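Some structures to go through are shown next.
Shared between the two complexes below is chain A, which has chain B as its partner in the first and chain C in the second.
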Partner chain A sequence: MDSLLQYLMNGLMLGIIYAMVAVGFTLFFGTLNVIQFSHGDVLTLGSFAGLSALSIIPNQSSWLSILAVLVFSLVISAIIGMFIAQFLILPMREAPSINVLLATLMFGTVIRESIRLFYPDGANPKRFPSLLPSTRIAIGSFTLPFDNLIILAFGFFIIFLLSLIINKTKLGLAIRAIAQDSETARLMGIPFNKYVLLTFIIGSVLAAFAGVMDAFYYNEISFNMGLLLGVIGFTSAIIGGLGNIYGAILGGFLFAFLEVIGGSLLPSLVPSIPSAYKDVFAFTMVIILMTIKPTGLLAEKLSERV
Partner chain B sequence: MIITIISLLFVFLRIKATLPFNQLIFLHEPKTIPVLITLTTLCITVYFHNTPFVLLMMCTVLLYATVCLGLTIQLGFIGIVNFAAAAFFGIGGYSSVILSHYPIPSLIIILLSGLISMLFSGLLIFPVLKTRGHYAALITIAAGILFKNFLEVNDSLGGSQGLQTPSIHLLGFDFNNALSLGEIDVSFYVPYILLCLSVFISTYLITQRIEKSWFGLTLDIVRTDETAASTFGIAITKWKVTAFLFGNFIIGIAGSVYASVTGFIAPNNFTFSDSLIMISIIILGGIGNMRSIIPAALIMIIVPEKLQFIQEYRFLLYALLIIGVLLFRPNGLFPRPIRNFNQ
Partner chain C sequence: MINIRPLIITLAVALCVGSVTAEAKDTVKIGFIGPLTGGNSAIGIGGRNSAQLAVDLKNKESKTKYHYELVVLDDECKPSTGVQVATKMASDNSIVAGVTHFCSSVAMATLNTYHRFDFPIIVWGAVLPDITYKQNYAQVHRVNGTMITQNQVAARFMTDLKYTRFVIVHDTTDYGKGHEEYFTQDIKSLGGTILGSFGVPVDQQDFTTELTKIKELKPQVIFFGGLTPLGVRIRNQMEKMGIHAQFEGTSGIKSDAFIEGVGKDVAEGSLSFLEGAPAEKLSGGKFFLEQYKAEKFNEPPEAYGPFAFTATNLIIDAVEKMGPNRNRVNQELNKTNNVNTIIGKVTFDDHRQNIVPLVSAYVVQDGQWVLWEDSQYATKKRKLK
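== the complex of A and B ==
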């Protein structure tokens, strides 16, 4: 029972992080029909920016440090997101989608390699100090780390906030209008470029939140963590159904639980499978899922023009 | 020797100066490019016959170019994105190591490795056929990552340490023994170069036949407009499966030869970034244009090796180069010429 609760908690923690990355992917795809593959590396950049904020203001109370980490990583990733939209995505609007995919993949490589080469000692994994209170809450014989709870609650709060922005504000209305039909939206007087930039800022800020949460959860960051997280986020967005925010959240949690099952439950049930196979298991399941439901669980609306 | 190279270059440049590159008539003769590549490779081999590093680089270029021929069939001709090229390359390599424990002739091993790589890609064909665009890209990316993760955790395949590959025996002759012709010492890479060259040239000739024939025409039609193709009675599924499997067969063969050339394989040789480099080569050259593969492979592989001071920055420079090409020359350095039906 305790271990089951532990698996559930791990799945939720990973799921909220994956979901936030996936929501970014789906937001970009929804508005512009592009895959922004440097998203995972924007996340890495966010967490590294947070770490450097800590080195600038040392010896402060932990809440102030957390605030500094958040502000720094959000600002940096918002700027880089805006940069990507302005100089990579908007100029390539007419290009075939494989070109955009490759260009953003390559931009991700640029970010990753820049961190490795130019951040002091960037090639090695870095320890991220645990700033959150580390008390544990006991529920029966099962103890729950308090910082995990904070991260989880914070993640749900951010996603809730995002759905409010998308569904209730004028900004969200404009984004939805562009997603539905960008030509008509422009004719109706919606400043297209401005809202594309805003969408990219929102998505990149989400990535930065995910990066900081990931750093607090594992207490370690490295220059290449974004590649796998980006692929996982992309995967989650796709198994949920691209262009659908709820699909992305669903996909994130699904992938996380697949990983937990592959990493912990399966080895305890079938002793011949070591837990190192968790990614192998998760990606195999994803490929099988994609064969069964080729457009994701909550499919995007797709119409073929013949 | 140098005089030969220079005079060849000179002739080439003189013709190039008078005509735009894509209209060079002699380049469109089907045999010109293979002959040119063979001659140049042989010249360089003879000149650097005892410099292993240069020879190894040439083997790598030829094998990566072979992989790119496979990718050209997939992405250039029929339009299936394959981000798992390095994985199929790796499957070819690993299967040749495993097969070499049995008493099978080396040439058969190379062919069998290609077949095994093809069989594994057959597992992937169902999801690839069902999906399209970004979804298909995801499937191949996931497959590539899955392959590398699997290798790293699987101890019977050497884990992350990798495996040593035995040498190739051909015609009762061990490739790893250093040779000497008369008084001249010849590096043991020379036979490997001949092998790589023959693999590349034969693949090139086959790919060229495919492009020229009705087969290639069918693939082109399927890529440009699937709906139109199916209304004309072309079995899309059949051609997609054929092209995808055949491309991976070529990639597997290249991987098998690569494993024996380097003498050692490890999961780190077959990562997602390597797939990206392979895709980048055909993007840089111009998707679907076979003639541009060798120049693009030279740029991507030789330049960073040659300039040691950019070694550390090579991935950064690759990435910037590809972004530049995609932004300013979206069709690559030498775009694929439009089919000429007058020939």
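== the complex of A and C ==
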């Protein structure tokens, strides 16, 4: 029972991080029909920016340090998001979507390799200090670190906030209008370029949040951490239904639990399958799911995206 | 009247040029391949610097017959990249021999290439026994020891300390699988129990599922067969999950990067095993460390720097004796017997594997890898978990 709780908690923690990444992917696709493949590396950049903040303002209180980490990480990611929109997405507006996909994929490599080359000793994994309260609640063999609860609650809060922005604000209305029909939205006087930039800022800020949450969860970051997270985030967005925020969240949690099942339950049931196959299992299940439901679990409602 | 001034000038210039060319030495190129980028680059760069140091020191000597140049290529610790750069190096006839590879999986993938091009190499860091013992290629030598002796010592060390219940986490490359195989074999022969074994891909980031299972198994020791980046992740997540087992690694985590990545407090008490005596304990090692410091490299030599230095020197000595000819250099390297180096005496056996009789145990104490015998753990002032 204790182990079951532990697996559940592991799945929830992974799920919230995957969901945050997936929501970013879905936001970009929903609004502009683009797949922003450097999203995982923007996440890495966010976490490294957060770590840099700590080296600039040492010996401060925990909460002040956390604030500095968040501010630094968000500002840098927002700038890079704006850069991607301005110099990659908007100029390629008319180009085939495969070009945008390739350009962003390559830009991701540029970010990743730049961190490795220019961040001091960037090729090695970096310790991320544990700034959140490290109290643990132990129930038998189940350990619940208090910081996990904070990360989980924070993740849900951010997603709730995003949902409010999209559904209840003027900004959200404009983004939804562009998502439905960008030409008509433009004719109605919505400044298209401005809202594309804002969408990319929001998406990149989400990636930064995910990066910081990941850093606090594992207490370690590395230059290539965004690579796999990007692939998983994208996969989650697809199985949830690309273009649907709630689908992305569902996809993130689904993928996390598939991994947990693949890594824990399968080796217990079939001893010849070691836990190393958990990604194989999760991705195979995704392929099966996609074959059954090609539009994703929560498909877009006609053209109403985001 | 003949103007002899231009003639004198021409003659003088010719004499000067002649004397310069008489003294100029031919350049001999030696190759170096290691992981210079990616997660294992710290050790790769330490090895490259050490090989460079050997070349620089030799070039400073006036008695040498040749001027040496190091050609450096990056294998990224990826077999596919390794084969590409190995082919590039071996097919360049101006390079006489190579000091190659830290990662076992890369070394294994490149052996055929070196054999095909008749290109002599000395492995400076990879520890998989198969590299020298499986194919038996006459061009392949190794200065560092293998994981067979490393694991024998590691298993004996732990059972002597009365640990009996082990769990193994290893990466799924040849390197990790080799460690799993030999350590399991040795622990079982010494009466210990392996409660479970978990193979994980090198790019995996989340280990909470495996660690939850490990927590249920209640091991005394978690033995990790893999390299630093993965080791850092697993050690960190062990701490987060509240697992208080002793962490025992292989030579793959004996790097400063491991301690930095995990943090001084969490790394405390972690174990690692490395072939040979520590450089600072050998008279030649002291010389190496002093010279390394004097060259002002930005990065430390790391655990395998002395081996890269030794391998480069062996090649240089063979070139000095036999000339820059691949076949003759290879024949000379094959004969290496009882040669004094900074890592001690080097003797290649019939598989051109250096017989390294000693494996040293290291423990992290106050943020540094300390030789077990010199540590407060050995004197029982501090206790392992």
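The rule we apply is simple: the second predicted complex is superposed on the first by the 294 of 306 C-alpha atoms of A that agree within 3 Å, B and C clash if a C-alpha of one lies under 4 Å from a C-alpha of the other, contacts with A are read in each partner's own complex, and residues count from 1 in each chain.
Going forward, a contact is a pair of C-beta atoms (placed from the backbone, for glycine too) under 8 Å apart; a residue touches a chain by one contact, two chains touch by 3 or more.
Note that the coordinates shown come from a computational prediction; the quantities given were computed from them, not determined experimentally.
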Which superposed partner A:Leu14 touches (first chain B, second chain C, both, neither): second
Which of chain B and chain C A:Leu266 touches, first, second, both or neither: neither
Partner chain(s) touched by A:Gln6 [first = chain B, second = chain C, both, neither]: second
Partner chain(s) touched by A:Ser114 [first = chain B, second = chain C, both, neither]: first
Touched partner set for A:Asp279, first chain B, second chain C, both or neither: both
Partner chain in contact with A:Asn219 - chain B first, chain C second, else both or neither: second
Partner chain(s) touched by A:Ala68 [first = chain B, second = chain C, both, neither]: neither
Which superposed partner A:Leu227 touches (first chain B, second chain C, both, neither): both
Intersection of chain A interface sets (partners chain B, chain C): 227-228, 274, 276, 279
Touching residues on chain A, where the partner in the complex is chain B: 29, 35, 88, 91-92, 95-99, 101-103, 105-107, 109-110, 113-114, 117, 227-228, 231, 234-235, 238, 242, 274, 276-277, 279-280, 283-284, 286-288, 290-291, 294-296, 304, 306
Touch list for chain C against partner chain A, complex: 37-39, 41-42, 172, 197-201, 203-206, 208-210, 212-213, 215-216, 228-229, 232-233, 236-237, 239-242, 257, 260-263
Residue numbers on chain B that touch chain A, as the complex places them: 75, 81, 124, 126-127, 130-131, 133-135, 137-139, 141-143, 145-146, 149-150, 152-153, 227, 272-273, 276, 279-280, 283, 312-313, 315-316, 318-320, 322-323, 326-327, 330
Chain C-touching residues of chain A, taken from the complex the two chains share: 3, 6-7, 10, 13-14, 116, 121, 123-127, 129, 136, 138, 141, 143, 145, 217-220, 222, 224-225, 227-229, 259-260, 263-264, 267, 274-276, 278-279
